Amino acid sequence: MKILVCVKQVPDTTEIKIDPVTNTLIRAGVPSIVNPFDACALEVAARVKDVTPDTEITVLSMGPMQAKEALTECLSVGADKAYLCSDRAFGGSDTLATSYILASAIAAIEEKEGKFDLILSGKQAIDGDTGQVGPEIAAHMGLAQVTYASEVSVHGEDVIVKRESDQGYDIISVRKPALVTVVKTAFDPRFPTLKSKMAARKVPIQVITADDIPNIDLSRCGLKGSPTKVKKTFTPVRNKTCVKIAGEEAAVSAAKLVGMLADAKVL
Amino acid sequence: MGYKFTEEQKDIQAMVRDFTKKEVEPRGREMDQNGWCHELYQKYIETGLQSTPIPEEYGGAGLSDVECAIITHELAKGDAGFAMAMEISWVCTDMILKHGSEAQKQKYLSGVVDGKLFAFCLTEPGAGSDAAGLRTRAKKQADGSYVINGSKAWITNSGIADYYVIMAVTDPEKGANGISAFIVDKGTPGLIIDAEEDKMGMRSSDTHGMTFDDLKVPAEALLDKEGMGFKMAMEGLDGGRVSCTAISTGIAEHALDIAKNYALERVAFGKPIAKHQAIAFKIADMAMYIEAMKLMLYDVAEMKASGVRCSVQAAEAKLFAASHTTQICLDAIQVLGGNGYSKEYNVERLMRDNKLMEIGEGTNEVQRIVISGAVLRK
Amino acid sequence: MQFEEYRNLWVFVETEENTAKSVGYELLSPGRVLADKMGGKLVAVVIGGNVKDVAEKTIDYGADEVILVEGDEYFNYSTDAYSYAMKTLVEKYKPSTILIGATNNGRDLGPKMACDLNTGLTADCTMLDYDTETGNMIWTRPAFGGNLMAMILCPDNRPQLGTVRPGIFKKPEPVTGKIGTMIYEDIHIAPENIRTKLLDRIKEVAEAVNLEEAEIIVSGGRGVGSPEGFEIIRRLAEELNATVGASRAVVDAGWMPHAHQVGQTGKTVSPKLYIACGISGAIQHSAGITGSDCIVAINKDEEAPIFDVADYGIVGDLFTVIPELIKEIQKLNA
């Protein structure tokens, strides 16, 4: 069985601070990590491999050369092979263009290595939080998709997915091949072992450029292939002064507070 | 620090740092209250880190004292007692690696790779740093086996170990040269684990006294030859002192981290206390000493790794790191004020943990004897 | 692409087991404003098993028109059936903009539609606007864990798609007896073309403590007075569909399990709304909550440090204030 896991290298958004003077993000010194949801997707794949040892796990990322670090990390916790999609022509892509590029790259990898039975990714990346690239890869490739999976198991030709829903969860079955996106799982991703860590560094990471993808339509890549444009970004201003309601009857205070929260769209 | 770690060493450092942050540090306070955490140990051995110094032919990673120092250093940033429990096992594997028979290596080194743990039984109720004053006797029998009688004190891992390296006198006439080392498996009749010590710090490690009551061991239990024990123990202490340096350095960095974060958040007289010079300068001193500790640590680890005798440097590094770290912990408590005095904030624990580093593997005074002895040698 | 052909603003009203998700109705609020601004109609799209009543309701909530697609295959959501129906409808009617509630299903459907229609999708919007000059929607959404807001346009493709977080907009006031057009569309998909199968559905009501991911947290501190006092905190939390948090003092006293502890030695949280009841706001607690979008403090002591980190505060006894708060929230949600 062949599983592909799509991963993204992201800044650790929990470490991002706001410059109180310029009100901009301080990105310097923020560590880069494997998107935590993607790490869960990889763990899901590794668990399939635990019970089905002849499983091969390939990881694929798109980004600058620096993203090799993230792939090496994946190689130390279950992945067997790694590919990095990296080309200037891919820069500035929105989710539609990114998913087109990745779907094209996957086709190129499959050409070489055979079809994947299952493609996994995190439900979203913690920097962009869009959750679109996974399902869009499925759409480009014509695959069935199941999103928000907390558990995945493979039974012959069927993939059984426990999918989060509003009231609990659904158990969904889908035939291979399919694409599944994964939420934060109940189990933590495994730690590397000393040996897997040392071995990971020795696995070459294969870089895929636009030239390596036959028939890729460059007009669908990068900025010009992106239907959405970022007009501007800004940091939300935090109102640090407390609006205090004092000396009022409880009912009046409560009404005032709820009114203000509703106006501020908090409620 | 200018010390150049290899890419592989950086990988290991990152790996242990991550493990420490996620698994060790969060358990620190609980282990301080409840002692040894087997669950943590299970997670640790799943990573295979315990096999770092074991040669590849016995299933290990075949790495050097530098990698071991990195691991001990990083673990100690989360919990010093756990770091100590792990490194003490390596003191024993190091002896077996250098002095053991092929059969001993096969059994014990592979055992450690599989998650078995060692205890090093040197200290006695009446003999600590003067190892030559040991009273535990091992009497050779007609069939070549030995019968060991005596008692030990302050033996780390003694309640949880699978294997014990026991130092005992085989020839009382020869003084230090009459001491031999034996490897004994847990559960051997006559190997008695006494009550657990109720310690000031390092409470996550397991410490008991031990009694040997006609403990009969076969001739194959002897490590190297009779009379080699003292030499091995002294070599072992060199390694132990490098590890102590790593542990104290880790504790100091943990203390600085807590103090720094607190000082940046806590406001007094209208500004974060970090902006008050009295606090800022304390932080500066902590950082300076930590930098020096790291330099000494990786310098002496490198010496040991390349086989250079480093008793004096190990003593200097340990004395420097242990004594300054106690002061750093006290300063960190002071930075946190009342909160520092509360167990909630973990700094008081660091001080209690580090105090052992001024006592174990030779007290500060013993390190000074070693250092001054070398300096004043004619 | 002929932009003039693309008119009207659609709101996809999601149903599950014949019941509408609230966010679908909520989106008719901004939908009304935006449709008026673009000079188009506000059209609700209702897909489901047997959901005529939902379709009728959308008219009451302000839709000019509703397109209704019914069929057994739509009783439960599936990507294949829903995206097929939506694609068919969009190609026929050519809407300019489609708003979709950012539920799990909405966020599953949106990207599939974006690919099928080769257009742009902006996820999880919190603010919506329309530029009358260019005819572009201005989608505003948070990124980097809420540290950054981004304004996104989709200038060259139609329709423009966006998912919108539930709870951002209020449901419009319903007007009964309002006249609107109901269009039935007979769209069906063969069962074998639905590649996912729902084997089982498990509904969970168990209270899970997931403070890190909670959208709203109601926390109690020493001011709650006793373990029994926490009942009122729980009631407020229930009303807001929130997770219950606790200060260190309360956990140490054994009133609440440690899993609920918020603060430096508990969980660091970043909900949209954090309500601190009877919590003084020691540094160890406040350090764990400053990532919250909005902090509300209720405390008897006007000088309590919690007010320094709060956005809104009520100085008063939580036991008299909270019951009133619950009433007000019920009114708001009614």
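The letters A, B and C name the chains in turn, as written, and every chain counts its residues from 1.
Throughout what follows, a residue touches a chain if its C-beta (ideal position, glycine included) is under 8 Å from a C-beta of that chain, and two chains touch if they have at least 3 such contacts.
The UniProt protein names, listed by chain, are A = Electron transfer flavoprotein small subunit; B = (2S)-methylsuccinyl-CoA dehydrogenase; C = Electron transfer flavoprotein alpha subunit apoprotein.
Please read all numbers here as calculations on a predicted model, not as lab measurements.
Just grab the chain with the largest centre-to-centre distance to chain C, centres being mean Cα coordinates.
Checked the centroid distances; the maximum from chain C is B.
Taking the mean of all protein CA atoms as the centre, name the chain whose own CA mean is closest to it.
Ranked by how close its C-alpha centre lies to the overall one, first comes A.
Mind checking the centre-to-centre distance between chain A and chain C? Centres are C-alpha means, answer in whole Å.
22
How far is the middle of chain B from the middle of chain C, if each middle is the mean of its Cα atoms, in Å?
Distance between chain centres, rounded to whole Å: 54 Å.
Using mean CA coordinates as chain centres, what's the gap between chain A and chain B in Å?
Between these chains, centre-to-centre, one finds 41 Å.
Under the definition above, what is the set of chain A residues touching chain C in their complex?
11, 13-14, 16, 18, 25, 94-96, 99, 126-136, 138-140, 144-148, 160, 163-175, 178, 184, 226-236, 239-240, 242-248, 250-251, 253-255, 257-258, 260-262, 264-267
Flag every residue of chain C that touches chain A in the complex, lowest number first.
Residues of chain C touching chain A: 16, 21, 79-80, 103-104, 107-108, 110-112, 114-116, 118-124, 126, 138, 141-157, 168-170, 195-204, 213, 240, 272-273, 293-294, 296-297, 302, 307-308, 310-317, 320-321, 323-325, 327-329, 331-332.
If we count contacts the way the header does, which residues on chain B are in touch with chain C in the complex?
265-266, 339, 344-345
Quick one: in the complex, what on chain A touches chain B?
Chain A residues touching chain B: 76, 188, 191-195, 197-198, 200-201.
Applying the document's contact rule, which stretches of chain C touch chain B when the two form their complex?
By the definition above, chain C touches chain B via 248, 265, 283-284, 287.
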